[in-house]
Every structure is written in structure tokens, then in C-alpha cells.
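Each structure below is given as C-alpha cells.
There are two complexes below, and they share subunit A, which is joined by subunit B in the first and by subunit C in the second.
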Partner chain A sequence: MATFDQSYAETGRQSELDALRAQPGAYEQAKAAWESGGGTSGGQSPEQMAQSIIDAMMAPYKAAFDRAKQFEKDNPFFFDEMLARSSSEERYDPYYEAELKDFVSGIERRRSASVQDERRVLQELTSQTDDYLGRTKRQLDQAVKASEEGFAGAGLFFSGDRLRKTGEMGVEAGAQQRTFLRGQQYSGDTAQIAKERSLADLMATEATGRRQQTATRETALQTDVEQQKKEEKARYELERQQFIGYPLSGGSQSFTDMASFL
Partner chain B sequence: MGIRGYNKSDGSRKLIAAYGNDLLDVDTNLGYSLNLTSTNKVEFEVFLDDLFFQNYNHTPLTFDGSVWTNKHVTRTPLAKFMKVYGARMYLGYLNVNGAVYPSRVWYSDLPKNDTITWGLSYGSDGTNTANNNVFTSEQGGFLAYNIKVGDPLFITSGANKGQYTVSEVETDNLLRVEETIVNQSSGQSYWVGGNFFDVRTDDNDEITWLGENNDRLMVFKRNSLHRYDGSSLRTVKGVPGTTSGRSVVNLGAYTLYFHGSTTDKTGFYIYDGTTSTKISNPIQPFIDGIDQSNYPLIVSWTEGNIARAFVGDLTNTNEGISITNCVISYDSTNNSWSTDPIGDIVRCATSFRDPEEVKILIGNNMGQVLETPSGYSFNGDPIAWVWETQPIYPRGAGIMNIMTKVTVIGRDANGTNISYKLWDNPYKIDDKWTPLGDLEYDRTDFIMPYRHNNACGISFRGEEISDKEPTPHIETIIVTSYAQRSVTPEVKQII
Partner chain C sequence: MADSFSTPELLSAQQASQSATQAAGDAAANAFKMPDLLRQAVSERFKESPLTGQFGTAAQQFLTAIPQKRTELANLAQTGQAVLSPNQQQSILAGTRAANLVPLISLNDLLQSQFGAGSDLVNAGTGAYNAYATGLQNRATGARQNYEDVLAQLVAQQEAKQQEAQMELDWFKARKEGSGSGVGSSLADILALLNPQGATQASAGEGPQFSPQTGPGTGYEDDNGILWQYQADGTWKQVG
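Moving on to the complex of A and B:
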């Protein structure tokens, strides 16, 4: 002969059996009834008997559910996120603004340093160029003069050789000057490029930093708002549980879930 | 007119002369159809086994023994004078693309593959864009003609006229200059090159000859003389140059030349490697008789140790001198001078090895080339021969003499005309020669003219003109005289 549990299993009502087990005393009551009546009581069919048992069991839940509905109707859950965010911003923004200020001022310092470095390099290059041009011009003048004196002393001042020699000196000095100026130009360009690259890097760093800080701040704000919301929700749940009362008020299961179970 | 002997290294030789509007092979009397349109003097010079030609008008040419081409001289200044010195050819008194430089000397680059360039280019198609340093010319040949960095570029026409400095020679037709050429322009006349030096430029004078002495290039101007050693140019202090380049000849280690200007300066000078000295003072009356129009035309040549100079007609009325087509000769062995007439007007001279004998050749104004010395006539005309003695004072310069007879003893001297001058009679020296007569025997006596035989001293002159070999010898001249009176110092002072 089948047992009480087997009868539920064989009839495909395992979930009902699990529900009985979940309710303290319901399982024992239903089992006793099944065993005393050979499966049914009071002339009722076993199904009716089971239903009546279930109904008896579910009655307090329905009552609790109704109270929960009533509570929720009377006290709908409300959480003002804008207010919460505003509150969070008030608390978090001074910190992040200070952080951002520190970060940006660091960037600005480096940016200013880059510009100053470039300016100093260019000033130095300009100074070097002026010195070099002045020096080479003096040297060229002296060399030309010495050459001319030499040719004049040799009686060949009015000669193509003198013109060629002084011309060669001029051409050579011009070539050296161009080489030097090319080097200076390269150095200046290098300094300028370094500055521009540094500024671009700083700009990117600033943008990245700002973006990261904005994201961090937003995350913090959202976390805080969520936390506020969670706390508000817990408080609301506590009030609702208290309103629903014993035996169901101490559970952690929400009545929304219960409703889906029903 | 010009003449030059050309002996090639392969042994072939030609005597080339400029005549009319062509250059001729004197042996064949055939020309080369060069169509010379100028009557300028033609100068020749042999270098790198080729004969160079210039006449300051026609495109310079060179001759290899067969044809005249522009080898060596594709881009060369026009020049009046040429001279090989060291490993270069030098040109004097230039015309560079139309610009005249009377005091400028241009020299060639050093030979390469037995060919020379002149470091010169010029043209009339110089082109450039505005504010650029690129200068182009299809006529340029800048690389071919060896234009160098540093060379001056002279733009001689248009808005960019001026001097620039070559900074780069990129191609035959393109060069860059150190300066910026401001104005866009084309068709500009220009010349570029630096192988030159000026000799006292713009000093109211001009180059009249290029010579060589003591391994120095001698640059003659009319009024100054300069020597160049390849790296310096020095003026020979305080001496004149030459007025006739063709009067310059080297005589051993010396250079003899003529200068004509003021009386005190006119004459023949000899340069010894350091300075010049006027050596023609002993014949100054003859020098004074040279016509000034002949100062630029004097032509000299050498015959051994004797230098001869054709000076044209000599006329010195004060001294009783009159010689037609005179040749003045200077014998460096005994430092003696002689003056002789010659049959033709000499315009040029040269030497020519033919085949081993070195011939001295002169060209006259009739287009004839004559060898000298050769034979006993001048171009068929008899040659005059003159000799003079120093004054002879039978009893010293203080005793007046009555000279009654002159006896001349000689050999092969028949026909020689004897004349004399009286010295200190007592106040005068004869200006003119007084004839005594011809020598008729080996011993000939002349009775002195009664009205002209009283003097302290006497000098003699013998003249002969002949187309025969000159063989006379005068061995002795005897003056028969007696003392007339003393010429006291007091009398001398009165004089």
C-alpha cells in the first residue's frame, strides 16, 4: 500500500506536498487525515479533502496578502531620486571639485612649464644665432680684409683671383651660416614640436582625468543614491511587515513574490 | 701684319704670316680663307704644340699644322697680346664680350689633357626670375669652360646690371649666385670668370706688351713696367714701359725695349731682372731723330748678341742726321751701337728653325718676308756701311793745330768715302761732316782744305754702300799737322 508521500508523488502533486511541508503542522495534519481515512475524510474525495486542507492553510496568507495590498495601497513606495542625487552631490562634489582642481592645476603647471621651456629654448637659440651671425660676419670681414690686404700687398688687389677668393669665403661663410641656421631651425622646431606634443599629451591627460573623475563621481553618486534607495526600501518594508503582522510579518519573503506563488 | 715660325714637336714646321685678310703659309703662299676683316696687328704664340692667333678682332683660333680651329679657345677674351708663361697662356689688353679692359691680363686654366680652358664664359642670353639666385644661359657652358665657385659674374646690361658671386655651378647652363637677382629679366649680356688681374688699372695707360725675363712675366705698359711671378705683381720702380711692344726682345738674360715719350726718356732700355736702365744715351742724337709717329711701330729682333731695331726715318737737323728706314743696332758684347739704313719698312720679325738652322725673318710693309742677316744687299739694294772714330787730339785738347794732310792706310777699302769733323777750333765743334774724298788706293793722301784745317782735334767718318761682301779694313789714319798756338785756360773760360 502506498504511503501518504507516495500518493502525492504518484498523483503528480509533489508541489502540493512541498507546500504542506513548508507550512508548520500542515503536513502532519494532512498526513493524519490521509492515514485515518484511507486517503479521504467525511465522505469527501481525497482531492476535496486536500483542497480543504490547502484552503485552511492558505487562509492566513490571504489575509496577510490582503493587508499587504491594503498597506501598499495606503502607502505606496516613493523614493525621490533627484532629491537623493542632490543630496549626494552636496556631499560628494566638494571632494571631487577639490580633486579636479588639484589635478587640473597640476596639468596647468606642466603646460605652463612646457611653454616656458620652449620659450627659453627659442630665446637661447635666437641668442646663439645672433652671436653666431655676428661672430661669423666679423670673422668673414676680417678674413676678407686680410685677404684683400694680402692681394693688395702682392699687387693683385684688382684681380679676379682676389674676387674669387673673397667670393669663396663669402660662399663658404654663407654655407656654414645656412648649416648653422638649419640646425637652429631644427632645434627650434624640435622644441616647438616637443611643446606641442607635451601640450597635446597634457590635453589628453586632462581630458582623460576629467572623464575618469566624472565617471568616478557619477559612480559614487549613483552608488550613494542606490544606497539611499535601499535604505528607504528597507524602512518601507519594515513598516509594511509591521502592518501585516504575525505570523507572516517576520519573514523575509516579499508579498509580491507570494502573489506570484499563489 | 704678323709673322711666326711654328715648329711642331713631330718635326713638321710652317712659317705663318698674316697678310691682307688672311693667314698664309709663307712657303706655299697659300691662305686658309679666314677672312680677317681687321687691319690690327696679328700676334702669334705657340703653346701645347699648337699655334695661337689673336688680332683683337677676329675670333681667336689655333693651328695644329693643318687647320685653324677653336681648340683651346672656344671661349676666350679677345686680346692684343699673348705670352706663354709657366704652364699657362696669358693675354693682355682685353675685350670681353664687348667690354674693353686695356690694363687687364687674363690667364688660362692649367692644361688638362693637353687642352686649356680660360675659366671664362659670356653670352647675351642671361636669364633669371625675380628675386632669385638662379642664373641661366643656353650659351653658358659653365662647366665646360671651368667656371668656379667664387668667380664674379658681371651682368653688363639690363636692370640687374652689376657684379654677383657664383655660389654653385650646377650645369652647363645654370649657375647660382650668392646674392639675390632682383629683377626678372632675359637676354642679358654677361660674362663670368676670375682668371684675371689688372695692372695699374685706369691709370691713363694701357698694356703694350707681354714678355718674360728671369722666369717672370713682364707686363709692359707705355709708362710703366711690371713683373708677375704667378702670385704677386710688382712694379719696376721708376722706369718706363714700352710704346712699341714689338720692340721688346730678350738678349741673353736681358730684355731690351724702346720707350718713346719726352726727350730725356726716349730711347732704348735694358731690363736686367731687377730694374731697367736707359742704354741708348751714346746715340741720343739719333734717338732724338726718331719720328714720334714711329714710337708705336718700332720693331726689334736679335741676331746673336746683336739686337736690332727698325725705327723708321731718322731726322735730326741740328746734328746733321738723316737716315731713311734706319735700323739701330746694339752689340751687347762690346756695348757698341750702330745706325744703318735699310731698304724696307720693317713691321714684324720672328725666328724660325728650318730645319735645323735658326733663321731670323722680318716682314715688311709690302707683305714680303725677308731673312736677315743674309747676303750683301738688302732685298737687292746695296747696303750702306758707316764708321766713325772718336776725336783725335794730336797735341792734346789745349793746342790748336794746323792740319795739312790726312793719310788713310787700309785694305780692300777702295771707294770708301772719308769725311771729317773739327773739334775745338777753338770754340766750336763741327755740326756737319766735311768730305775729303774716296779712298782710291791702299794708301790715300788727302790734303786738308786750307780754310777748314785749324782745330785742337779731328774725327773721321767712312761711308760705303755696296751689295758686295763688306771686307774693308782701315789700319791707320795719319794726321799731319803743326802746332799753331796754345789754348789757355783763360781762353777756355771765355768760351
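Moving on to the complex of A and C:
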């Protein structure tokens, strides 16, 4: 049967035995406990036994905890949002610039068309007015001349009737001209109003389009930045899982969870 | 007779058996509360884990990131940089939520491993303690067996000595009765035979005056029919 001292030596716990000897009374107490049948653990209370058992089994977990602390200390998570945004802009802006260019080109085309349409209408109206004024002047001249000839033939050239008739003809022609010109003015004004309304609409359409495109672009950029951040965090967490390793990590579940974000 | 069994070897075996039985009994009694003690020990050790704190930080980040992003989006509209539709805002917020969910899931996996291990550790610890208790029980059984062996050996030795002494006594009795002349049959003759140099005749009331070769426990009946037993201290004690 092994002695108390031998039981320590045989289990490689000579240092524990030396420590017991260094404490007054500890050696005797432990020896008495051993001799009472409890072995070299016999001096422990159940609570101490539980602590000893868990201490022995917790070693790999304690090491994993240390690695978990070390990982965060050595690798604090850092994500450069500005750089990520630049990257997103570099990839996304060519598309949005092309889209905006197409959109603005369409607006400009319609704006130009509106101005041209108005100008054409005004030109037409001017031409019509010129024609009308020339024609009515000639018609008036002819009518006055015919009237004068009629009065002259009747020997009434110098009569007051001829003067009144001529005057009436001039008044009538003037009234017709004003009516015509008023119509022309109305048409001109209408064309101008239509153009201005069209331009205003186009301006509003352009503003709305630009605003919507800015919102779409901003959404795309911010979503992409968040996606980049998510992927960076997934990579970071994968590294964390790998660094901590057994017994807390290394299982396929953790890796699959993280990889699903990439 | 009791003194014959008071040998150091038997006493030591008896004490070892009693102590081992006591230790095994204590271990068995403590076995039922060991899972709770182990659970408590595991719980204390897990307090050293940084994962809980790291998870707390990640959770805090997750909870603050969404309101913070909402504020940023509101500022975009207020400063005229961009007016986002509700769907667009939700799309960005979903991205923010997903990004900040990653550390939570990762640390949650680690914590699940940790707490799952807690149960394993308690089970393994309970198994270890039960093995320890079983060891003590085996040791107690062994000590008891050792005590019984020592006792049986002593009993056997004692019986052998008694038989030998009885045979010696019978031989002398037979010799005494067979001679008839009285020569060599007297106690003095017997003593002289047993101890030729130092034997003296026993007087009435005194024990035999010789030391038997069979040692302590040897019995002797004198001429007066009194029974004596030889003691370990070299004296004779009247037993009947």
C-alpha cells in the first residue's frame, strides 16, 4: 500500500506536497485526511471538489476566453465609410450619370421644341398680319379709288358725300384691321403662354426627375455602403471565430452563419 | 481473549477500514448535491468570459444604429441633399440592420457554444465525481476486506495456538495418568521438562512457573484443576 508521500510522488504532485510541508500543520492535516481514506483529495470540501473538477475541465475554455479578449484587443473593428462610399460612387455613378444625361436630354429636347413651336407660330402670325395688312390696304385703296371715280363721273368729286364715303370706307377698313390684329395678338399670346407653360412643366419635370434620381442614387449608395459594412463585419466575425477556435468555435454552424452574409 | 486481538496490524486495518467507509459514505452523500455545486462553479468561471460583454456591446450597437441612421436620413431631407421615399428609407435601414446583426449572430453562436458546454461540463464533472466516489467505495471495500483478512489470520493463529496448547496439555495429562508411579507426572516434572533450567514448582494459588513455547494465549490446567492462560506480558492469568 502506498504511503501519503508516495501517493503525491506517483501522481507527479511533488510541488503540492512541498507546498503542504511549507505550511505549518497543513501536511499533518492532509496526511490525516489521506489516511482517513479520502486520498489526496480527501481534505477538500464538496465545494472545493467541485471547483477543482471544473478548474481541470475549464482549461480549454479559459484559453478560448483569453483568445476572445486578445482578438478584440489586437483587432478592433474598423470600417472606413468614406472609402466605402467612394467605392460605391465609382461603381454606381456612371450608371446614374448616363441616366441623368438621357433624362435631361429629353427635357432639353422638349424645351427646345416648345420654343421653336412658339417661334414658328409667331412667325406665321406676323406673316399673316403682314399679308392681311397689305391686302386690306390695297383693297381699301382700290375701293376709295373706285368710289372717287364714281363720284367724279357723277360730277360729285368735290361733294361732301364723296368725302364721307371715303371716310366711312377708311373707318370700316380700320375696324376690320383691328379685329384681325386682335385675333393675331390673341393667337400670339396663346402660343407664348403655351410655350411658357410647357417650359414651366419641363422645369418641374426636370426638378422632380433630378430629385428622384438623387434619392435613388443616394439609396443605392447607402445600401451598398451598408452591404459593404455587413460583408466586412462577416469577414471580421469569421476571423474571430477562427481565432477563438476550439472549444467555442470551429463548428460548421458558425462558419455557415457568417459565410451566408458574404 | 480480547487482548490477543489488540495487535497493531489489526487496529491499523480496523481504523483504515472505518475511515475509508466514512470517506466513501461522505462522498456518496455529497454526490446528490454535486451537480448544483458544479453548475455554480461553471457559472462562476463563465463570468470570466469576455463573450457576454462583447455580445452586450454588439447588442447596444445594433439597437442604436437604426435610430442613428433614421436621424441621418431625416437630415438628408432637411438639408435638401436627398428626399428619400419611405421604401427607400426602409431599404437603407434594412441594410443597416443586417450589417449590425452580423456580430450579434456570431457572438450568439459563441455564447451558445459556451452555455451548451456548461451543461457538458456539469455532466462530465458529475461523472468524474461519481467515479471518485466509486473509487472511495472500492477503497473502503478493500480496506474492509483487508481488515477481515487480518482478523481471520489472527483468529486462525489463535485457534492454532489453542489447539497446540490443548494438545500439549493433553499429552502431559496422558503421560501423568499413564506412569502411575508419579515419577515425571508431577507438575514439577512437567515444568522441568518444559523448562529444565528455570522451572520451579508452582505453589497453590500461584500461576505456572514456566514460559510456554507456544506463546501468549497458551492454556494450562494445574493439578488443582485451575485453568490458566499465558499472557503477552509473560504472566499467567487464571481463567477458570
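Note that in this section the second predicted complex is superposed on the first by the 178 of 262 C-alpha atoms of A that agree within 3 Å, B and C clash if a C-alpha of one lies under 4 Å from a C-alpha of the other, contacts with A are read in each partner's own complex, and residues count from 1 in each chain.
Going forward, a contact is a pair of C-beta atoms (placed from the backbone, for glycine too) under 8 Å apart; a residue touches a chain by one contact, two chains touch by 3 or more.
Since we're looking at a predicted model, the values are computed, not measured.
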item: Partner chain(s) touched by A:15 [first = subunit B, second = subunit C, both, neither]; value: neither
item: When both partners are placed on the shared chain, which of subunit B and subunit C touches more of subunit A; value: C
item: First, second, both or neither for A:211, with subunit B first and subunit C second; value: second
item: First (subunit B), second (subunit C), both or neither touched by A:161; value: first
item: Touched partner set for A:69, first subunit B, second subunit C, both or neither; value: second
item: Which superposed partner A:47 touches (first subunit B, second subunit C, both, neither); value: second
item: Complex contacts: residues of subunit B adjacent to subunit A; value: 148-152, 165-167, 178, 193-198, 201, 226, 231-235
item: Subunit A to subunit B touching residues, read off their complex; value: 153-156, 158-161, 163-171, 174
item: Subunit A - residues contacting subunit C, complex; value: 35-39, 41-42, 46-47, 49-51, 53-55, 57-58, 61-62, 65, 68-69, 72, 77, 211, 214-219, 222-223, 225-227, 229-230, 233-234, 236-237, 240-241, 244, 247-249, 251, 253-254, 257-258, 261
item: Complex interface listing, subunit C residues touching subunit A; value: 16, 19-24, 26, 30, 33-34, 37-38, 40-42, 45, 48-51, 54, 76, 81-85, 88, 91-92, 95-96, 98-100, 102-103, 105-106, 109-110, 113-114, 117, 121, 124-125, 128-129, 132, 135-136, 139-140, 143
